[in-house]
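Going by the order they are written in, the chains are A, B, C, D, E and F; count residues from 1 in each one.
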Amino acid sequence: MTISAINARNQFQGNVKRIKRGDVVSEVEVDIGNGIITSIVSTSSVDDLGLKPGSQVIALFKSTEVALASFAPA
Amino acid sequence: MTISAINARNQFQGNVKRIKRGDVVSEVEVDIGNGIITSIVSTSSVDDLGLKPGSQVIALFKSTEVALASFAPA
Amino acid sequence: MTISAINARNQFQGNVKRIKRGDVVSEVEVDIGNGIITSIVSTSSVDDLGLKPGSQVIALFKSTEVALASFAPA
Amino acid sequence: MTISAINARNQFQGNVKRIKRGDVVSEVEVDIGNGIITSIVSTSSVDDLGLKPGSQVIALFKSTEVALASFAPA
Amino acid sequence: MTISAINARNQFQGNVKRIKRGDVVSEVEVDIGNGIITSIVSTSSVDDLGLKPGSQVIALFKSTEVALASFAPA
Amino acid sequence: MTISAINARNQFQGNVKRIKRGDVVSEVEVDIGNGIITSIVSTSSVDDLGLKPGSQVIALFKSTEVALASFAPA
């Protein structure tokens, strides 16, 4: 079974840059070209997906999780 | 009071491209240069922040919200 | 590009039972055999995925989103 | 069946102050004494719980959902 | 005070199958009959609820956290 | 660049009471006057923000993350 499409509108392809491995969860930094997306996933997921620096991945998140801020230029 | 730093590691600056306004929540598309981040926020937040197409915003989300997928090239 | 594996540990296959369509977000009920999983996604996602009653889908969510409760039997 | 304890560390008791009812989701403001917690839940949940202004409720959320910011005093 | 009803539409009763205990967060697998729901909660919550393999729990999550995917049969 | 306003409706100012530091994520308790808000953030965020007991912070979370429960008085 292969997922062909997912509703998460926010999907960014990138390369794993760094993995900070923890006992239960790990922090994975994904370089998406114009920035880094950081993801915290279970360490068992890191192993199941076989992630290591250089792995190609898609970072995805739901629209409901994204907050918006306005800002004052420095 | 001005927020000077926030722990959300994932912060992307961009321009509002489109707002689909709903009764309670609205969908806001933010162009971050190499892609679009879509956010669903309350319509009252859209009004409070005075968002409209062209507004400069930061889209931010927590690392715990980001899932990772591996993929098979087409 | 096809997603071959995703880190979300919680993936349940089922059939769309009902869609309550809203202006910006819609509520989709997925029958997973021994229960219903309800999902709120953007209405544009419903359209992009071509969802309608009877569609086969996977409902997925991150482990960090799941709360646990103990209970007193009635 | 009655839930006797839930793992969500963040639980605040309050009174419903205002409900902005939408087609699929509704915005519920809960007065917790020293502030307002705003919740967006499905409109069917509002009906199932019989919420109306004055209803006593608990607003709860997982620790993983809370971001932290430092700030500069105005 | 006992919670009598909660708005989270997605509530699945099951037995704790396994707990992977970490310093700050722990991974709890809940067998819900036709599958496993994995939850990551704070380790202090595991202790407060007195969770151990065999404990009966309810796994619950908000509809807004559930993503939907369509798939291609293998 | 300074964030001047953020859409998260739920923002509570308080003092850090306790930090339980973990390898990848840490648990931060924030005293907001009439209660404690607990946040789990990455340990690198704790360091970036320079958090320690007594630090003044804002705890913030999106409305979509808040569940509501009704309850039976004991």
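Rule of thumb we're sticking to: contacts are C-beta pairs under 8 Å (C-beta built on N, C-alpha and C of every residue); 3 or more make two chains touch, one makes a residue touch a chain.
Note that the structure is a prediction, hence the values are computed from the model and not measured.
Novice: Mind listing the chains that sit against chain E and also against chain F?
Specialist: Joint contacts, listed by label: A, D.
Novice: Please compute the C-alpha centroid of chain A, do the same for chain C, then give the distance between them in whole Å.
Specialist: 21
Novice: Need the CA-centroid distance for the pair chain C / chain E, whole Å please.
Specialist: 16
Novice: Can you compute the centre-to-centre distance for chain B and chain E, using the mean CA position of each chain? Integer Å is fine.
Specialist: The separation of the two C-alpha centroids amounts to 28 Å.
Novice: Among the residues of chain B, which are close enough to touch at least two other chains?
Specialist: Residues 1-9, 13, 22-23, 25, 27, 38, 40-42, 44-45, 49, 58, 60, 62-65, 67-72 of chain B touch two or more partner chains.
Novice: Taking chains as nodes and touches as edges, what kind of graph is this: line, ring, star, complete or other?
Specialist: other
Novice: Per the touch rule above, enumerate the chain pairs that touch, sorted by label.
Specialist: A-B, A-C, A-E, A-F, B-C, B-D, B-F, C-D, C-E, D-E, D-F, E-F
Novice: If you look only at chain E, which of its residues touch chain D in the complex?
Specialist: Residue list for chain E touching chain D: 1-7, 9, 13, 40-42, 44-46, 48-49, 58, 60, 62-64.
Novice: Per the contact definition, I'd like the list of chain E residues that touch chain C in the complex.
Specialist: Going by the criterion above, the answer is residues 2-3, 8-10, 12-13, 27-28, 30, 32-41, 45, 49-51, 55-72.
Novice: Where on chain D is chain B touching in the complex?
Specialist: The touching residues are 20-23, 25-27, 38, 40, 64-65, 67-74.
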